[in-house]
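Multiple structures are listed underneath, in structure tokens.
There are two complexes below, and they share subunit A, which is joined by subunit B in the first and by subunit C in the second.
So, the complex of A and B:
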């Protein structure tokens, strides 16, 4: 079994294990490359027909290409698609230009997801996060309990050895399940290439720039790149030293810098 | 290769006039002795604006902000009006120590093009605590970043030195917020920080290097909180202030002696500050002045510059970088290219006429971007930069109730009173500018300093 086969079979094992334990389950699909890869793995796990709903949280600020891609695939793959929107806040005009970006994310993403979880009584959500994405994600488990406020206590988590996953914890509202945790960014692209998984065109170069990580239009910046095919992206990643999410707002360091500057009278 | 060595001591925010007076008063005997050995003290111009990140970057790169890309601690993202905090990764020109190391880090500048071909062998540098060098990056030698450095692990190159520095309790910066709540404790921290700087300088001094840059930033922190004590003998903290300068003087004397004992009289010795300092009388909220003149419109909700509403023609970033709200640059921008000139004239008259409650003028000089900047990164430059009369601290706060406000700070930067100490045989055709020093150092290393 080669490297990609091993990654794939581990993911499929976790997906099936999750569905066996939680019938009230759904998958979160951001339409990015990782969650589209997860979607592909879910189809494989259940021989083409995914037995649970697919949630897309729509902030209203996604790229038009993402909406088109979402609707096309939902139709072609016969997905049970739930689009979650925090309608109340969207009507109030919440957006990245109103209030802080953190507030915007909190209302249009986190609270929108909370609403969907409550409305459908979901007990588990599949997510396409990976350990190599960000320092803090290295601490994630495959089965990760969250309380009603979505709080994650990363210092007190069940051990996961010999493929034994804990899925019952008192008082917890729902589980996050991460079947893609062991993939790296490069693994995802190599798997996309092998399986010929459809990917939003934003990842490929246009006028010398492409997106390496996609989300809402105002919070994503493209990188300089001439990669126009999956092969070229893979070659580019092999020599890149820039972190994947460098184009995303780097809120934490900025907050600390701001505190330092303010203490000296700036701003 | 002829052996050439240079020691540069940076003292953040130390004004020429104060040093001169303290030398005359006998508070700085070591500096006096250095001056008596044939050195000269100059009053020097800092960068425009006179902010540490801009001034030190100008010193290190020897080029102006339109070429090195740093105009302040804060940059406004023109796509969404959010704030960005530039760091060393945003410096777009190589520093003189990268040029000396023959590795400009993929960067280019007029200075690099001039000097790189003149060096055949790379030279190594030790650079400690210079602001705006975080995160530390690969270079030939040692780089320990200064303010604003957030994480020791990313502030040191080569990284193997992190544990050494941690063991000696090296501090990147004192906690300036303590100056607001515990003045005595803050002073204690400043004295202690000077000790750990000395320890670090001594440690790395023993190594192999051609250029050593030792920067002290505690002076700037002392000045922000205690500058009113500098010359006021009745001030409760006057003696502490003078004691700090005595300690600084003894550190300078110590470094000078070690340098001379190791390299004789041949090496180049230099001291500089990145800007001057003066007593702060009033804070001036420039954006409030623009609001009252109808040039800046704010919404009630949102944070800082994200409050800007349609109809805004101009806004200011710290300290007084006034930008036109251009249509082709900002999502809500309305200023067409052809209207810029008349708005600039309005701005010049609004700022020129600005007077405090007692009728004293606030603005000392104004510059349009084309007058002071030249280079590939002009787009980020302010359209108008104002310098205040000493005492009026210009601020870029958004949404204040009044133009003038009192301050919790005792001192403020100024541009015209930075200091420079050099051997007496170095001369300038007029008043020196901090941007000239990189060329002077590189001239020295390629033997063209006569």
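So, the complex of A and C:
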């Protein structure tokens, strides 16, 4: 087995372990490259028939390309797609320019997710976060319990050894499951190339710019790049010294915004 | 081409320089993005400190303000030859479960010892845990040589101390290197400050370590779950040892009967002929009635079925265990209720104090030799024969509270 085989096998093991424990499970799909890779791994784990819903948290501010891509794959792959929106706040005009970005992310993403979890009684959610994305994410567990308030008790996380994870949650808790934690950004692209996983076109160059990390239109900046294929992206990443999330505005408000967001239940 | 990669953990006593060494490794291999460096510089300034490399891993606000590592973290760096994953592990005793969580994912370890302070409690505890986790590739670095005037004599004293201790645990370190992580001596390049040392640098030592090798062993395929896909029943799981071929005769070990593999299932792969150690796959057997999670599909010599496990355990959770309390024994996908019947002996690996025999309780961070009685038999191998089937986790209240190995069956 090569490096990518090992990463893949571990992810599949974790996905299957999560499904064994929690039948009330769903996967969170942001339509970005990581969660699309996770979606692909779920298809592999269940031989093409994913037995749980796929949730897209829609803030209303996503790129048009993302909606089109989402609907196309949902159809092609026969996904049970749930779109979660915090309609009340969207109607009130919540946005990144009104109040802080932390507040906007918290309402339109975190609270929208809370609503979906409550509505469907979910006990576990698969997320495509990776350790190398951010110092805070580097400290995550594969099976990460969250309480009613969605709080992440990062000072007292359960031990995880030899693929044995915390197995139970209290009545009001749920688990965040992170099967992609051990992939790096470069691993994801190399895996995308090998598996030929479809990826939304925003990642590829248009007029000398491309997105390296995608989310909501107002809070994402493209980078200077001429990479138009997966091969070219891989070559670019091998020499890049810029962090992946450099174009994501919500990380930048202050040093601990990501920690604050995650402690509040952000993805 | 995907590159070769190695995961290693850095362990050692509090303040012996784990985080500084990580910062140095990243800095000297040109793996530190400018923006990251700036963020660390700015936060250090706000907290009134010099540029603090420890903040690379200590990303939590609490960690930075208290100046300690609470949780384990992982960071990546690349040399022209390969990719490395550094696992940082906290040195404080109260965060021992985080240290074990980190170390259990490693293929090699760097044990760091302060040249000035020498071997301390957590040096011993961590050394002991490395031996229990079965980590054989260990590099000892004697750090802060700048604080002891680069003394070869002092290096030799500390080296003798740590090597003697590790050898008492059955570990022979592959390298013992004098370094100064702060100055960068012997980390990525040799140092004129330590002219009496001619061995490898830390990076050169790491380059000799290998990823876990797959050994030739009998098949162990613990069943993780059973899926029904398009009317076909598929046993899913991971090949933990050996390999499996289409058509091969295998044993359903728990039921003690023989059958045959009729197909191996992988998504989008047409009729795979075999699967090797480490692969997550699906299997269909000729006779698979009654096969559920926890069953082990195996080839001879078979794992042993037993309801009494004698093992060495390390307690991770911050609550003590009192004899008589119920536990769940977990080994691969097997989970069985039981209790610790006997605590034959136990001790704190950090101190060199006497062992207590026939104890009534196990305290946090202690290690013990125990006999576990289970409600029904489990299938196990000895740790040295098939590590995956010879190690286990003890769960209480849904949480892994201890890990253990089975030296012999």
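Note that in this section the second predicted complex is superposed on the first by the 245 of 267 C-alpha atoms of A that agree within 3 Å, B and C clash if a C-alpha of one lies under 4 Å from a C-alpha of the other, contacts with A are read in each partner's own complex, and residues count from 1 in each chain.
Here is the rule we use: a residue touches a chain if its C-beta (ideal position, glycine included) is under 8 Å from a C-beta of that chain, and two chains touch if they have at least 3 such contacts.
These numbers were taken from a predicted model, which means no experiment stands behind them.
Just subunit B (first), just subunit C (second), both, or neither: which does A:48 touch?
Touch status of A:48: second partner only.
Can A:16 be said to touch subunit B (first), subunit C (second), both, or neither?
In the superposed model, A:16 contacts subunit C only, not subunit B.
Answer with first, second, both or neither: which of subunit B and subunit C does A:121 touch in the superposed model?
neither
Thinking of the overlay built on chain A, is A:218 touched by subunit B (first), by subunit C (second), by both, or by neither?
first
If you stack the two complexes on chain A, which partner ends up touching A:64: first (subunit B), second (subunit C), both, or neither?
A:64 sits against neither subunit B nor subunit C.
Spot which of subunit B and subunit C makes contact with more residues of subunit A, would you?
Higher number of touched subunit A residues: C.
In the superposed arrangement, does A:4 touch subunit B (first), subunit C (second), both or neither?
In the superposition, A:4 contacts subunit C only.
Overlap of the subunit B and subunit C footprints on subunit A, residue-wise?
In subunit A, residues 256, 259 are touched by subunit B and also by subunit C.
For subunit A, which residues count as touching subunit B in their complex?
96-101, 218-219, 221, 249, 253-254, 256-261, 263-267
Where on subunit B does subunit A make contact in their complex?
73-74, 79-85, 147-148, 150, 173, 175-177, 179-180, 221, 224, 301-304, 306, 318, 331, 393, 395-397, 407-409
What residues on subunit A touch subunit C, complex-wise?
1-6, 8-10, 12-13, 16-17, 19-20, 43-49, 131-132, 134-136, 138-139, 141, 154-155, 157-162, 164-169, 182, 184, 190, 241-243, 246, 255-256, 259
Of all residues in subunit C, which touch subunit A in the complex?
Residue positions touching the partner: 2-5, 33-36, 39, 42-43, 56-57, 59-62, 70-76, 83, 85, 97-98, 100-101, 104, 224-225, 227, 229-230, 234, 236-238, 265-268, 276-280, 282, 293, 316-317, 330, 388, 391, 393, 395, 397-401, 403.
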